[in-house]
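Heads up: the structure comes next, in structure tokens.
Per-chain residue numbering starts at 1, and chain names A, B, C and D are given in the order in which the chains are listed.
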Amino acid sequence: MADVTKAEKFTYRDAVAEGIAREMRRDPSVVCLGEDIGAAEGVFKTTVGLFKEFGPGRVWDTPISEQAIVGAAMGAAMTGMRPVAEIMFSDFLACCWDYLANEIPKARYMTGGQVTVPLVVRTANGGGLGFGAQHSQAVENWAFTVPGLKIVAPSTPADVVGLMSAAIRSDDPVVFFEHKALLAGSGPRPPEGHLIELGQAAVAREGTDVTVVALASTVPLSLKAADQLAGEGISVEVIDLRCLIPLDMRTVLRSLERTSRLVVVEENPYQGGWGGTVVSVVADEGFELLDAPIKRVAGANVPLPFADSLEAEVIPTVDKVTEAIRRLSAY
Amino acid sequence: MADVTKAEKFTYRDAVAEGIAREMRRDPSVVCLGEDIGAAEGVFKTTVGLFKEFGPGRVWDTPISEQAIVGAAMGAAMTGMRPVAEIMFSDFLACCWDYLANEIPKARYMTGGQVTVPLVVRTANGGGLGFGAQHSQAVENWAFTVPGLKIVAPSTPADVVGLMSAAIRSDDPVVFFEHKALLAGSGPRPPEGHLIELGQAAVAREGTDVTVVALASTVPLSLKAADQLAGEGISVEVIDLRCLIPLDMRTVLRSLERTSRLVVVEENPYQGGWGGTVVSVVADEGFELLDAPIKRVAGANVPLPFADSLEAEVIPTVDKVTEAIRRLSAY
Amino acid sequence: MTPEELLDAYSEMVLIRRTEKAAHDLFMSGLVKGTTHLAAGHEAVAVGASSALRPDDYVFATYRGHHHAMARGATPEECLAELMSRATGLCQAKGGSMHLTKATNGMLGSYAIVGAHLPMAAGAAWSAKLRGSGQVAVAFFGDGATNIGAFHEALNLAAVWSLPVMFVCENNLYMEYTPIEAVTAVPNPAADRAAGYNMPAEIIDGNDVVVVHETMARAAERARKGEGPTLIEAQTYRHFGHSRADPAKYRPADEVERWMKHDPLDVARARLEALGVPPETIADRDRRAAATVDAAIAAAKNAPEPEPALAFTDVWADGGAAWRT
Amino acid sequence: MTPEELLDAYSEMVLIRRTEKAAHDLFMSGLVKGTTHLAAGHEAVAVGASSALRPDDYVFATYRGHHHAMARGATPEECLAELMSRATGLCQAKGGSMHLTKATNGMLGSYAIVGAHLPMAAGAAWSAKLRGSGQVAVAFFGDGATNIGAFHEALNLAAVWSLPVMFVCENNLYMEYTPIEAVTAVPNPAADRAAGYNMPAEIIDGNDVVVVHETMARAAERARKGEGPTLIEAQTYRHFGHSRADPAKYRPADEVERWMKHDPLDVARARLEALGVPPETIADRDRRAAATVDAAIAAAKNAPEPEPALAFTDVWADGGAAWRT
């Protein structure tokens, strides 16, 4: 049995490649492009096996030209393909932001529905690895400022596969955030055909006292906090949003009907973080459910420092989450 | 007297050029660069007179190269100049987003304080003129996602001058949003030396029943709404934030001590809009002040349509603001 | 081009010219809101190019794109209705002058951020190559676009991947109000860059529809044979200012005069006459174009405004705008 | 270069080489976290260039920038302390390997977004021109950076404004793991683009510190005389993989061997010997460098960790991080 488990070790990193491969097998219009994704199999090893299985006709190495990568993906998506473009680190989305902000999400609308842009932009997001200010950001909030993009940020290998399938099959453009600090983690390999509809949050842990809304890296963090607090008699419900757009506010509001207390845990900075929007929906539509202030545990409003010890000061940690929950449950 | 008033007509548009000129006169290290800002005096006529007064050595026409414009401004700012860079429409910030998101705001921090980047990026922001999806966005929320940028968005000509002076004198990088729909409006010309400290909101109208937090274009909108509602016996306090960073939450919270009701009116989309962050501070620190849900009147989560009538559907209007205030005051 | 083809091209150019004139007048009288960027003077580039393409080829244009939309089959009525914010507009009044699109005819849009569509055209060409469809893609852009990063990235990618794409610069000497020569390191802003991408380039008279047609036909043939991209710098001039009411005072009078004398309609008319096409045949085409545009103006004026609900359609492929569940 | 200058340059290169070796070993033993991009093999570019500059000139480098920081006077201890997350690091442990900066010496930073610093260098040169200071600016960048938009925009601007800036490409044949030739339309990724900006270009042996020095000296002189920018493509090779523990298996063995035989330290040593510098003088410099680096390692190891409060300093010019009032 031990050997079987070992053989079956399925990482988040593996899941990315597996999720893409499943769709490439199903649909010949799925093609990949990006820097070092071919023979080199990706700098995060998230495209392992694709070049071998599908060859250079479907897995294309590009120059360091983020605008050309995403712009070409857009042109291809408008003309019958389903490109999956890799932007190596999510920080580099800034180098092709025009495509994410002004072109891809607006093409359908501004042509009165004439064009469809079914593409996925995948990117390694987030901190915790000591990569410093320009390679560590959680920038899902950048995408969140732009109507017209779907936004996915999974927390488990199985979700990576299921959401990757949904993202690639989606006729809408999807930005798919793969969290760098989760890549090495593992979990069960989902069955063939595993598909998770976009916009469905998961209740990662049920609880009755406080609702914690989390995403990607902050899900395991929040689960650890919930574990610790269970020992103190505080029952925490953890919601894994899985997607920011569509945003599953129904699951959040329903949870608050029971807990009446909300903590949002997000890695992106507090200023302009997606948590603000979640809070504002609750403070409007869920006001009467609330028995306590709403707390956000978010990245500090500073660039990311290099040193581990400094980075821990400015991104969410288990301690910061337990502290916030304790204060709410004592309110 | 009528003639004098006419002679003194001082528009928001004039105020931009005047604000820059005052600082250029004071400080020879202030230089301008951008597309068509020289002899052509700016496509929005916001640099009128500068080329004539200061010449081609201080007012530089550039190629259509947003990255070079802002990147060069950064390099110049690091080496003793105070560049004022124009990005013609704020939508085009996406073409140089790397500089706004990854370079300019992080340089000081990631060098341990070794470099200083005293620059201003000015840009025409916002909708209401029927310019369509790629020339009408209010994107102050993009800048708001990035720690390390100061963000200014004035609503009156006098504020334009006073805040421009503060922005240019600031040793921190400032993004200065000039609202297209306000350019033609006029107001008193402020005295020489007029300077408004960054991060000081203005109470644009005092009131006791509902607090409205507004910025740039939504200030006159909210004032109109307040006027209308005064007739219905609802007393509205309108706060003009003037800056998003530093964010003057003190003025907002102090107002709520009296009104206990909050509406945030912002032109950027609801999803990822700056109002979410304002709301989340209030829902945490100001929870006990609140007697009613918090409402946001924001841009709809869609790209901006071309037709006037459609655009009005998706951006804040006086009617939408009065409606939100009425609902709160009836709560 | 056969005389018949040339006559059709001429007719199309006249139709475009008249439609643009109508757009200008309607803007001045307040019926067109927002902004317009007229292409009057550039007609030969659009018509010469489109006449050398297959119906299933792809075209990407700029905010100055009326001529390209029409050359690919958008009607004057569809265009004017769009400009006048009518529900019957090409983009249901959601795009406007800067975003004319006729996707059913392979005209995949007009883009208002300078240079952004060059990588898209490369991508459409990549798609054609992947599908083995034999299609080509064309990006039309201005001289000013040659200094933006996306130009560089697109040309390099197209060359490295040997894509069936043509990059067609409409060099009209100016960006908005600033001459291109003031801000560009080389005299021919597009063509002088081609060597840096190992790409063949031609500088042509963009006001001669026959020259444009023949150049494009050769480039398209190369592309379809798998011989990769071509860069074409078509020299032309705009008859109006940059946009809206710009009187273009920054242009020297003699330059304007010289170019006005080299009007693409005159060039085509002279060629037709040289080919023996009778003046009355040409005049007949002129009359028909005028009648078509007059009818289009009337139809657009009478067309309904868009329903308010249209503001909330077509964000997503399901037709809606729901952002939460 | 005089023999003395060359000997100093050699010493500096040895110091860099040893510091990089220490960085590598410390990374492998877990004392350096995050990532490193070693420049071992590139030393002659940095040292040759810096030795041709004035102390007040400006240098902008990439994430592969240890050599540039040190060539501009950063000490091994400052660098290693930064890599080891110590409070005594060049950037107080807030930058890390990718962002070494020594602003007091005009080394204005190492930037980790490919190509981003080229416009900055143009801007610093513009500033020098505006102030009439006679300073020049240099941007060092990799072959891979020649395909990104910022490269194009920076070169055009620098040429049009005739700025005193040098663009120095360290062409080491590879991006991360992919050969540059696989994704670039021309054989010399930097130099073959220069004509598109009407900019003089030279392709040089980047492993010969004298050649680099002389080329840079000429270019700097031109720049200071107001004759504008120069592009230099320095051919070199990295001794390690791209970053961290990359074994660089994608490189053919004979290519690696050929380049290892053309080590910039060997080239300089041979030149010194040819100039009659005694072997023991050279060996003495080697020993001194080794001792300096050993002491630096020890000092960095003993240096304190940064105070937690440092996470909240230096966002703003007032030294703080307050985002609200």
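The working rule: a residue touches a chain if its C-beta (ideal position, glycine included) is under 8 Å from a C-beta of that chain, and two chains touch if they have at least 3 such contacts.
The model shown is predicted, which means the values in this text are computed figures rather than measured ones.
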B-D or B-C, whichever has more C-beta pairs in contact: B-D
Most remote chain relative to subunit C, going by C-alpha centroids? D
Can you work out the whole-Å distance between the CA centroids of subunit B and subunit D? 40
Subunit A to subunit B: how many Å between their CA centres? 31
Provide the C-alpha centroid distance between subunit B and subunit C, rounded to the nearest whole angstrom. 35
Subunit C and subunit D: spacing of chain centres that average the CA atoms, whole Å: 45
Which subunit D residues sit where two or more other chains touch them? 91, 93-95, 99, 111, 113, 147-150, 153, 156, 160, 182-184, 315, 321, 323
Please set out, as single numbers or ranges, the residues of subunit B touching at least two other chains. 62-63, 65-67, 91-92, 94-95, 98, 102, 109-110, 132-134, 147-148, 245, 247, 271, 300-303, 305-306
Mind listing the subunit C positions that touch subunit A in their complex? 58, 60, 89-95, 99, 101-104, 108-109, 111, 113, 116-128, 130-131, 135, 137, 149-150, 153-154, 156-157, 160-161, 313-317, 319, 321-325
What residues of subunit A sit close enough to touch subunit D in their complex? 35-36, 38-40, 43, 61-67, 91-92, 94-95, 129-135, 271, 300-303, 305-311, 313-314
Could you list, by residue number, the parts of subunit A that touch subunit C in their complex? 31, 57, 60, 62-63, 65-68, 70-81, 83, 98-99, 102-103, 107-116, 118, 147-148, 170-172, 199-200, 245-250, 281
Footprint of subunit A on subunit D - complex, ascending: 33-35, 82, 85, 91, 93-96, 98-99, 111-115, 144-145, 147-149, 175-178, 182-184, 250, 305-306, 308, 310-312, 315, 321, 323
Please give the residue numbers of subunit B that touch subunit A in the complex, ascending. 91-92, 94-95, 97-98, 100-102, 105-106, 109-110, 132-134, 139, 141-142, 144-148, 245, 247, 264, 268-280, 282-285, 287-288, 290, 292-296, 300-303, 305-306
